[in-house]
Amino acid sequence: MIVVMSPHSTKGQLDHVVKLVEEMGLTSHIIVGTDRTVVAAVGDKRMLDKGALENAEGVEKIVPILSPYKVASKEVKQEKTVVRLSPSGALIGSNRIGVIAGPCSVEDRQQLLEVAAAIKEAGAIGLRGGAFKPRSSPYSFQGLAEKGLKYLAEAREKTGLAIVTELLTVSHVEMLCEYADVLQIGARNMQNFMLLKAVGEQSKPVLLKRGMSATMEEFLLAAEYIINAGNKNVILCERGIRTFEDYCRNTLALSIVPAIQRVSHLPIMVDPTHGTGHAFLVERMSLAAVAAGADGLVIEVHPDPQHALSDAAQQIDPQQFQQLMEKMRRVAAAVDRQA
Amino acid sequence: MIVVMSPHSTKGQLDHVVKLVEEMGLTSHIIVGTDRTVVAAVGDKRMLDKGALENAEGVEKIVPILSPYKVASKEVKQEKTVVRLSPSGALIGSNRIGVIAGPCSVEDRQQLLEVAAAIKEAGAIGLRGGAFKPRSSPYSFQGLAEKGLKYLAEAREKTGLAIVTELLTVSHVEMLCEYADVLQIGARNMQNFMLLKAVGEQSKPVLLKRGMSATMEEFLLAAEYIINAGNKNVILCERGIRTFEDYCRNTLALSIVPAIQRVSHLPIMVDPTHGTGHAFLVERMSLAAVAAGADGLVIEVHPDPQHALSDAAQQIDPQQFQQLMEKMRRVAAAVDRQA
Amino acid sequence: MIVVMSPHSTKGQLDHVVKLVEEMGLTSHIIVGTDRTVVAAVGDKRMLDKGALENAEGVEKIVPILSPYKVASKEVKQEKTVVRLSPSGALIGSNRIGVIAGPCSVEDRQQLLEVAAAIKEAGAIGLRGGAFKPRSSPYSFQGLAEKGLKYLAEAREKTGLAIVTELLTVSHVEMLCEYADVLQIGARNMQNFMLLKAVGEQSKPVLLKRGMSATMEEFLLAAEYIINAGNKNVILCERGIRTFEDYCRNTLALSIVPAIQRVSHLPIMVDPTHGTGHAFLVERMSLAAVAAGADGLVIEVHPDPQHALSDAAQQIDPQQFQQLMEKMRRVAAAVDRQA
Amino acid sequence: MIVVMSPHSTKGQLDHVVKLVEEMGLTSHIIVGTDRTVVAAVGDKRMLDKGALENAEGVEKIVPILSPYKVASKEVKQEKTVVRLSPSGALIGSNRIGVIAGPCSVEDRQQLLEVAAAIKEAGAIGLRGGAFKPRSSPYSFQGLAEKGLKYLAEAREKTGLAIVTELLTVSHVEMLCEYADVLQIGARNMQNFMLLKAVGEQSKPVLLKRGMSATMEEFLLAAEYIINAGNKNVILCERGIRTFEDYCRNTLALSIVPAIQRVSHLPIMVDPTHGTGHAFLVERMSLAAVAAGADGLVIEVHPDPQHALSDAAQQIDPQQFQQLMEKMRRVAAAVDRQA
């Protein structure tokens, strides 16, 4: 951390800052510049709230140097993390691009089995579907609950696809683990720290979606919570951020893919469905995500989007999905990835 | 809802849209304009996902007309909601501006009792303090848990202040209700719908903080979840939103105060501490919030901010708080409010 | 336009709104819904400020239906616009992806000729370079002015590359037209309407960069200014938008590429250099842009980025550019484009 | 500037960075921490593009320490700048809050004289009105041009109000100076550096509006351009920024008022009209701005907003303005300001 002193700060104020730095167990180096004096505070004390120094008189600002995440970073582990979705399942994080697809919500048994068969045929490795739905409005469809989980488990039996479903609350962990292979933490819960600890204390892989206004650092700190609690099988997922743009529901920030890959060993997928909010943008942004280096895609597919009970504007149908997969494989090959 | 047809859409496509609208139980009105044909779909079917129509061929876009919230709106209840913080406690939502203050985290008994006495003396009506802390980093101070709640309860006994503390997970509801008067839902949990339902199913007042990228509509829908579950005592709180600004931790969006008051009967407070992230901005933005019409303030006060374990850069000390309260009372009087 | 009346509005207020609508030369249709009455106002009066109706009593809000741009849209011209960069030059908007490259600023003759030869060899069709630099700080390098333009013209003679350079003020139009083939309007000037008219009144192609907080509608309206003034040769360019993200200088919003292509006939390029702000992100985001359907790329290339006088952190060197071009051609082929 | 080396960087890479730092004329201090080695580069070389170092191998990131603005900062001038709007006019930056009001556009002589008389009566010190209008759409009303300026000058003669009008292009400077007292640089031109230099080279005061996505640093750098060109009479104006919020046209970021006052000597006004975009929010946000410490307000007032040719949704009428002024004076008194 660097403490930047105000231009008109006094010797006494500088001494006080040095004292505070040393109380924190850090070593201080004073550098007198042409316009500013700065105090470099050296030492690894991630638990401290260094913002405290900002309150000392004569301090202009605090500049952090060290990233606050550690076990999610390449400093600690240089080789890429590869996550097996289920005991007999496929991998995310290898050279092969993995695609997880399925309806926004599990609506009925027939719908789900039909979609599962179609996406398996088209090359997906995982089936997604919400049984408990986090809807902005209490009046919207809230999901089939455990019945939806049973349908998902049945679809796995029939297709071999790994089952991915969202966890909404700590008390559901056990129930979800009974049916699902991968637990998803949704964007709205990325900083629900109790939930992060709970999925960290069990062993199924976790698909962690980026919060809609999360910085890269906050995203990696959320992964850090899970890893620290004991679970190394974390898959990150970019799903669009909230900006002023209004032609789309979210702005898909693809540059986070290479940016994450530079500092972290965790695999990162992209969700072009929530990442755009409109079915007509899904194919193009899927191809772009693969070209940007994503380790996989999460795509909503519904047998009849015009009658979907949730996320209807952004789901594609099985035929569109199959075409997307064919085009995606060509782009994957062009960037030396398998798919 | 208005369905806007594409300029080159066909008669068949229009007929199909009308059919979909009527399948939804809505009545359709076709209006042929100079550049566009639109279908106005009339009826109150908030549960439907009208986005489904966007997938129909020939549709350019869907324009919603009705706000999705209802019980939080003035349409349903015109008189202002006034919330009593505790059985013998003060009100939020009346002409009198209510101030809730206290440390970010409960750090120790002595610290808490000292602050409680000081803010009571300065005119606060509630004491805030975190016992379970939602920290971005797993390495940061995580709170004293139940011990912190006991200190809060002791402070209430000594001062009569209503106790406000944050709820992080459904399983803590009972424990918190034992000690606290008001349950706070933090910004990161504004769309944790399980938590919203849980606080809706008990009777203590709820302080609902705006999510850092929540629209006004999403904010009111979160309140709607709580009210629908049975609890009408909801207090809203603006606490800064995430934008590109970098001189502050969050951008305090004060115009949401009069905007909410135009459409909703719920009281709305402002948190200038998180809303700016810097102690030197807290006083000015407190005065601005009161001038903008806020029903109250939530302010972090720590006996020694330079040694605080969390949120250190943004807490003010008891003396600064007392000065703030004196200035605030003058501004309140200038806008015909008591304080 | 749809005028939504307040739930408690009166008959008199509705009549007044209808009168205002008709004063505007529009036809009104009243639709009485279950919760709201709306007035649909029909007619093409783009010049009117319909916001005026928001001030009428009893009005809740105004919902526009028609996009405000016209000549930039597919409604008026369905076939894609293809722009020839110079009389003997290559095309943007055809099936072939066009790449414009070169240094941020023209720094000296030797530097420029060296880069020009290198990018020509690697397959670029245009040479970019700033002679007048719009720098955030008055202390930063401001460009070589006309001397820089002469070097650019010399580079064209030697390589045949089309010359692209930024126009900063109306009085420079003539000078720039003497040397350059394509006039660039920078992001900071996207709503400098005098400049837009000025480039519209001459005949050289215009490369119009998206403003860093411009909506899609504002971006197309800026193009509309140029086309309306007489110049149809407009090339759009996405170059990153301002968001809360802090690992990059801007957030490259690639989904605007397919979104623009859905509503407009204008070609759209992508600038991954400004769009990310970091050299290590340029290659990946170039590939993603091509996969997303971009008609071309604008990339900063400097012979020695470690000593560049401007935008140093984001420029790549000629060798990195050549590798990028090779990879890009493979991705282009995978999406059935030439390059 | 601090150069942070990567955790696995080599001695040779560190030596190369030190060499680059010294080539820049800066002194280097190496600090070896527990997790990172950093190079502190000391010296005042604002003209350099220090980003160049980011390209050196082994560099993780560059952290600037010094703010890039200088003459706009308190480091150079501690006493507050007070600007006289016209030779016989009132001041901005003194203890007295100054209000500039008037229609968005000058529409006709009668309208303007009527509004001028009304706002003078209510206590305004300046009359604003656009003669050349920067409209997002080429189809919108573009202003009366020089005729509008003549009406403004006539209004000054009749009322003594200082005339404030927007400058759109360098070639208009002379014409505007003939009629107006204060030249306004609009939000869309905040980084039109040619225009900034042009107003810096003449002597009339400049009202510089914040760009809608400008950081505080960019805002002060724009002021720095003007001051550096020779004109010290710069008045800043916050007018709302672009965020995801959709209940308002812009998010009024009031905390920039105290934040600017902490680092700069320049006066800062607030424009609640553009800062919200809705007439019903103007009064409340005017009061909040004054409580936040603003040196003045810029407010759009139109005799008949329902028929305004531009910005119709956000203008208030003379009667509403008078009420606002009365309330504002009470808030001003409560924060020890005159009005």
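Each chain carries a letter (A, B, C and D) given by its place in the written order, and its residues are counted from 1.
What we mean here is this: a contact is a pair of C-beta atoms (placed from the backbone, for glycine too) under 8 Å apart; a residue touches a chain by one contact, two chains touch by 3 or more.
Values in this document were obtained by computation on a predicted structure and should not be read as measured data.
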Query - Intersection of the contact lists for chain A and chain B - result: C, D
Query - Taking each chain's C-alpha mean as its centre, the one farthest from chain A - result: D
Query - Of B-C and B-D, whichever chain pair has more C-beta contact pairs - result: B-D
Query raised in the report: Any idea how many Å lie between the Cα centroids of chain B and chain D?
Result: 31
Query raised in the report: How big is the gap, in whole Å, between where the Cα atoms of chain B centre and where those of chain C centre?
Result: 38
Report summary line: Residue ranges of chain C touching at least 2 other chains are 213, 242-244, 246
Query raised in the report: Which positions of chain A touch chain D when the two form their complex?
Result: 2, 4, 7-8, 29, 31-36, 38, 40, 42-44, 63, 65-66, 75, 242-244, 246
Query raised in the report: Can you list the chain D residues touching chain C in their complex?
Result: 20, 46-47, 49-56, 62, 68-69, 134-141, 168-171, 188-189, 191-195, 212-213, 218, 221, 224-225, 228, 242, 278-279, 305-315
Requested in this report: Under the touch definition given earlier, write down the residues of chain B that touch chain D in their complex.
Outcome: 213, 215-217, 241, 243-248, 251-259, 262, 275-276, 280-281, 284-285, 287-293, 327, 330-331, 333-335
